[in-house]
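Chain naming follows the written order as A, B, C and D, and within any one chain the residues start at number 1.
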Amino acid sequence: MKQMTYAEALRDGIRLEMQRDPHVYLAGEDVGIFGGCFGQTAGLYQEFGPERIVDTPISETAIVGHAVGAAAAGLRPIVEIMFIDFMGVCMDEILNQAAKMRYMFGGKAKVPMVIRTPCGAGVSAAAQHSQSLEAFFTHIPGIKTVMPSTPADAKGLMCAAIRDDNPVIYIEHKMLLGLQGDVPEGEYVIPLGKADIKRKGSDVTIVAWSAMVHKALAAAEALAKEGISAEVLDPRTLNPLDKDSILNSVGKTERLVIVHEATRTGGFGGEIAAIVADEGFDLLNAPIKRVTAPDAPVPFSPVLERNYLPSEEKIIKAVKELF
Amino acid sequence: MEITKAELLSFYETMVTIRTFEEKAAELFAAGKLPGFVHLYIGEEAVATGVCANLTDKDYITSTHRGHGHLIAKGGRIDLMMAELFGKATGYCKGKGGSMHIADVNLGILGANGIVGAGQPIAAGAAFACKYKKTDAVAVCFFGDGASNRGTFHESLNMASIFKLPVIFVCENNMYGISNYQKNHMNVSDISDRAAAYGIPGVTVDGNDVVAVYEAAAEAVDRARKGDGPSLIECKTWRHRGHFEGDPCIYKDPKEQEAWLKKDPVLSLEKKLTELKFATVVELEEIKAAVKEKIDSAVLFAQNSPDPDPDDVLTDVYAS
Amino acid sequence: MKQMTYAEALRDGIRLEMQRDPHVYLAGEDVGIFGGCFGQTAGLYQEFGPERIVDTPISETAIVGHAVGAAAAGLRPIVEIMFIDFMGVCMDEILNQAAKMRYMFGGKAKVPMVIRTPCGAGVSAAAQHSQSLEAFFTHIPGIKTVMPSTPADAKGLMCAAIRDDNPVIYIEHKMLLGLQGDVPEGEYVIPLGKADIKRKGSDVTIVAWSAMVHKALAAAEALAKEGISAEVLDPRTLNPLDKDSILNSVGKTERLVIVHEATRTGGFGGEIAAIVADEGFDLLNAPIKRVTAPDAPVPFSPVLERNYLPSEEKIIKAVKELF
Amino acid sequence: MEITKAELLSFYETMVTIRTFEEKAAELFAAGKLPGFVHLYIGEEAVATGVCANLTDKDYITSTHRGHGHLIAKGGRIDLMMAELFGKATGYCKGKGGSMHIADVNLGILGANGIVGAGQPIAAGAAFACKYKKTDAVAVCFFGDGASNRGTFHESLNMASIFKLPVIFVCENNMYGISNYQKNHMNVSDISDRAAAYGIPGVTVDGNDVVAVYEAAAEAVDRARKGDGPSLIECKTWRHRGHFEGDPCIYKDPKEQEAWLKKDPVLSLEKKLTELKFATVVELEEIKAAVKEKIDSAVLFAQNSPDPDPDDVLTDVYAS
């Protein structure tokens, strides 16, 4: 174990996989000397050189599109989209090329590629640099979606994403990049599709991912003081989704609160609620609550942004409504 | 560079194969035997043929919605193609893709594509892989005049130029994007002029002259294999039929259509072959008959093939 | 009332609004002489001329982007994207420009524009020409999403969409374009956000939209013969969503089945299920079922496509599971 | 065309206003008083100033992430801008937008934009509206060298050309897209060369010479107003500071930075004004002092303004 930040941990994962497999390379805007907008790739250029750490023009369509071609032709690209907000620019390449190539070709192609991209609000970056858009990708069959919440998960899921033979969207939350934590050294791979119980509890299940895991944990801590024992379940990957762990937890607690930073309507919380309202209906003892951002773009002013984001208080309030 | 008799005859066979395949597809579609959309390549055979004659199985191509010709020229198997048009389990894509998505990755065919302009960055990426792996393989991207107005064109040519990728962008300018005449969708007459915006060579050739196409492609492929980067080749040509089968083509000037029909690339090549005494009319007929037989047996293969198992819907979404 | 097809009806809506307001124009690929890929705009070019029926290059990004600028500068563009599958190409213009301009500018801009686009499978058009992608748009605050199921709705909602001061995605199902029905003549505006009960019933609520309304109606007919009375509720617009009508219906029937053609995970059915599992939890007497396409791209072969799509039989089966 | 004393002095005042606004923003950001990202325009003032001097309130502009200069030059109110940088309720966007999204639609300012290259089609659309309504208004699109590699550039210039839209595409080539040097992101040295791909005029000017910019823009605006369609103007310039405040700029060659600092557009104009005897050093100091006062009072206004009501989060999502 070693203390690392989340950014260091995901970089450690990239570095190890690049050392292990010469077909892995990283391309994106300002990933080289500049080291990425939040320093995520700092030092990699020095270690691997310009052939494997590739600065691209501002051409997201070509960045993702080229990765599809390179992957189909035998490489394992990692590409960075500087902010998840820009994924709309290259959405066709994700939706119609990366995701569907294998299926359309009758299983006769492999598209192993990772798109790394930071999400999330909290730094007054306003409406076009703060979004949480994971729900777009979970609605695209053929794509996997990974959202780590801790440094250890960031590393283990990065290694798994790079080794996966499918297109994987790896979403790193910008407010977590500086988070410190214990990270296993050397090879460390967390299989995609395994949830992690971040805190055990018996009265209510809180499903949360990415930065929201930490708000859920804080809420659980506060709730414990009031005698409510909350289990915090982090799915870690939304696709594949560890449905069984969620249903098991709800089977125990009989209550479910889902927390995500994305806007409410059409967020992935709806999918989880729908699964439980179908397959776990008989387990439930209370309505399913969602704590999310409201249906509005992310505002700039810190005063507004604070009110916009899900908070410990909002989670506590939602949990209490179930008792 | 002198084209040999053997080469010319092989071009001819390829072009006739494409033509016959497409005529058969038209016939089958009209008879209600093919599901979905069918976009035919009739009239443009010289482009795919002349370009792909420079490629080996190690090289890549990306194709379009109008892809049958590219696939045949790159060595795709017509029985598997025909079965795919029928949506059969034996088809190239096991019936999952259809006409617009046929691929053969082992032959470097990265697929027909239903999204106009989507092949451009994919071809750049395949070329990136060729270069990264330090092979001398290249990638060719086929696309239309209409596709040259998409943002993907710009981003891909720029990226290919910057990275000196071994990729050849082949614009099949048939003067229409569906009903939109070139003059109404761009203000340049030679699309090859757009190469200058990326600092790469651009050339325009008669796309109905397979030798002209072959020679221009040879130069560009050679350049790419040597590590000198991408090129843009514009091939001026004409689609004889509607945008898709069923399109009555009301937007086309019948006089222009007539003039272009006279420039039919297959007939021109026949003329050349007989003039050069590389083949007699009878020999050409023999080639055509042999091709027809191959196509007919591909149709038989397709028709006799089983439908996919309905439950196969759920396989091949992910690699495991 | 007049008998019209769905395509004629939506065109009638466009024509009336264009006659009424000179600021309304239509732009897109092959919308002029060609009349649209499915003939939706046939005749409009002849009536309104090239200044108001504008053929564009194959440049979806510029088509939608230009509409944002034209709308902000006082026009009311209708743009066509030939297939909804191509919306990924212009997603940034929808997600970050059209949807957010008003909010980011503090309410000081108006972006009245309609994006018309056909969705749906059923003609062996395969993975890139058959999708149902409404869930992308319902997850974008600032956008409205309209999905008519009948000729009359097609007209009334088209007029409402054009008159709306916000960006509206108007999704026309390609299998419905030829559907005949009674359509009110002259001015006819259906307010966005009002569901329509397409069939009254008392035992189960089936929420379905677009082409699925007709499969739901067929299923309801069959179920009636077996003594199960199904109410078929068509929300008609997904955003704004007529939540109250859904909750009222479920309050009456105590059972809910949601039917959509989009792939299951992350589809808008999840949102409806989540709303009911929260606000209507106490009304429910059984699990909430979803009948949807599976999580796979749309296959080409008719045999596969038939099995892929939700059907009357699948709806009947889902309903029966609730009794 | 002879530039008058009054015009030159007005250019000077605008440029000094931009410079002073930006220096104040840098200071406030360093002091932790401004939330979010701040991208400064220092060194590029001549571009916005020279271009916008040709526009009226009826004309439109689209701006970028580096937008303060464009907004000021187009007549934006600096008090409302400054309040927006602070995220206050009195700001242009009521605190919802911040530096990257300031707009004033009534002045034809269609917003700064956080998406590189997104303004290009929006400007084409505004120009479409100008033409559709048969006014003689025009639209100007500001964007960077980096943005000229985006697909939006290609699609917008092509569309503008086809439709003969009254739009002027102004490329502010400061030779970097964040850390990516122009030579590494494109293989042409003059971005104006890309105009040929669309059959429209393209010209390159010294972007640090406000008069050169003014004149090139005057010609393009005139052309657009007359119905002769779009133009591309490349203005070569340099950003003095990091990409955003806080960027240590390790990727820049200090020698090149030094050389460009000598070509400071504000200093150059001062020199010209004094050489032409249009103003004395003292008079220029007076202008600067007056500007400084205006900026200071804008800061005071901003600082004394209330924060937005937290519940305002939910307003302005839809027009009703």
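What we mean here is this: a residue touches a chain if its C-beta (ideal position, glycine included) is under 8 Å from a C-beta of that chain, and two chains touch if they have at least 3 such contacts.
Bear in mind that the values here come from a model prediction, so they are computed numbers and not experimental data.
Simply put, of C-D and A-D, more C-beta pairs touch at C-D.
Averaging C-alpha coordinates per chain and comparing to chain C, the farthest chain turns out to be D. Chain C and chain D have CA centres that are 40 Å apart. For the pair chain B and chain C, the distance between C-alpha centroids works out to 36 Å. One simple way to say how far apart two chains are is to compare their mean CA positions; for chain B and chain D this gives 45 Å.
In chain C, the positions touching at least two other chains are 57, 59, 61, 85-86, 89, 92-93, 96, 103-104, 126-128, 141-142, 294-297, 299.
Shown for chain B are the residues in touch with two or more other chains, namely 93, 95-97, 101, 113-115, 149-152, 155, 158, 162, 184-186, 317. Because contacts link each chain to all the remaining chains, their graph is best described as complete. By the touch rule above, chain A contacts chain B in their complex via residues 25, 51, 54, 56-57, 59, 61-62, 64-75, 77, 92-93, 96-97, 101-112, 141-142, 144, 165-166.
Within the complex formed with chain C, the chain D residues making contact are 60, 62, 91-97, 101, 103-106, 110-111, 113-115, 118, 120-130, 132-133, 139, 151-152, 155-156, 158-159, 162-163, 315-320.
Residue ranges on chain D touching chain B, taken from their complex, read 149-155, 158, 161-162, 184-188, 193-194, 196-200.
Of all residues in chain C, those touching chain A in their complex are 85-89, 91-96, 99-100, 103-104, 126-128, 133, 135-136, 138-139, 141-142, 239, 241, 262-263, 265-271, 273-274, 276-279, 281-282, 284, 286-290, 294-297, 299. Considering their complex, residues 35-37, 84, 87-88, 93, 95-98, 100-101, 113-117, 146-147, 149-151, 177-180, 184-186, 250-251, 307-308, 310-314, 317 of chain D touch chain A.
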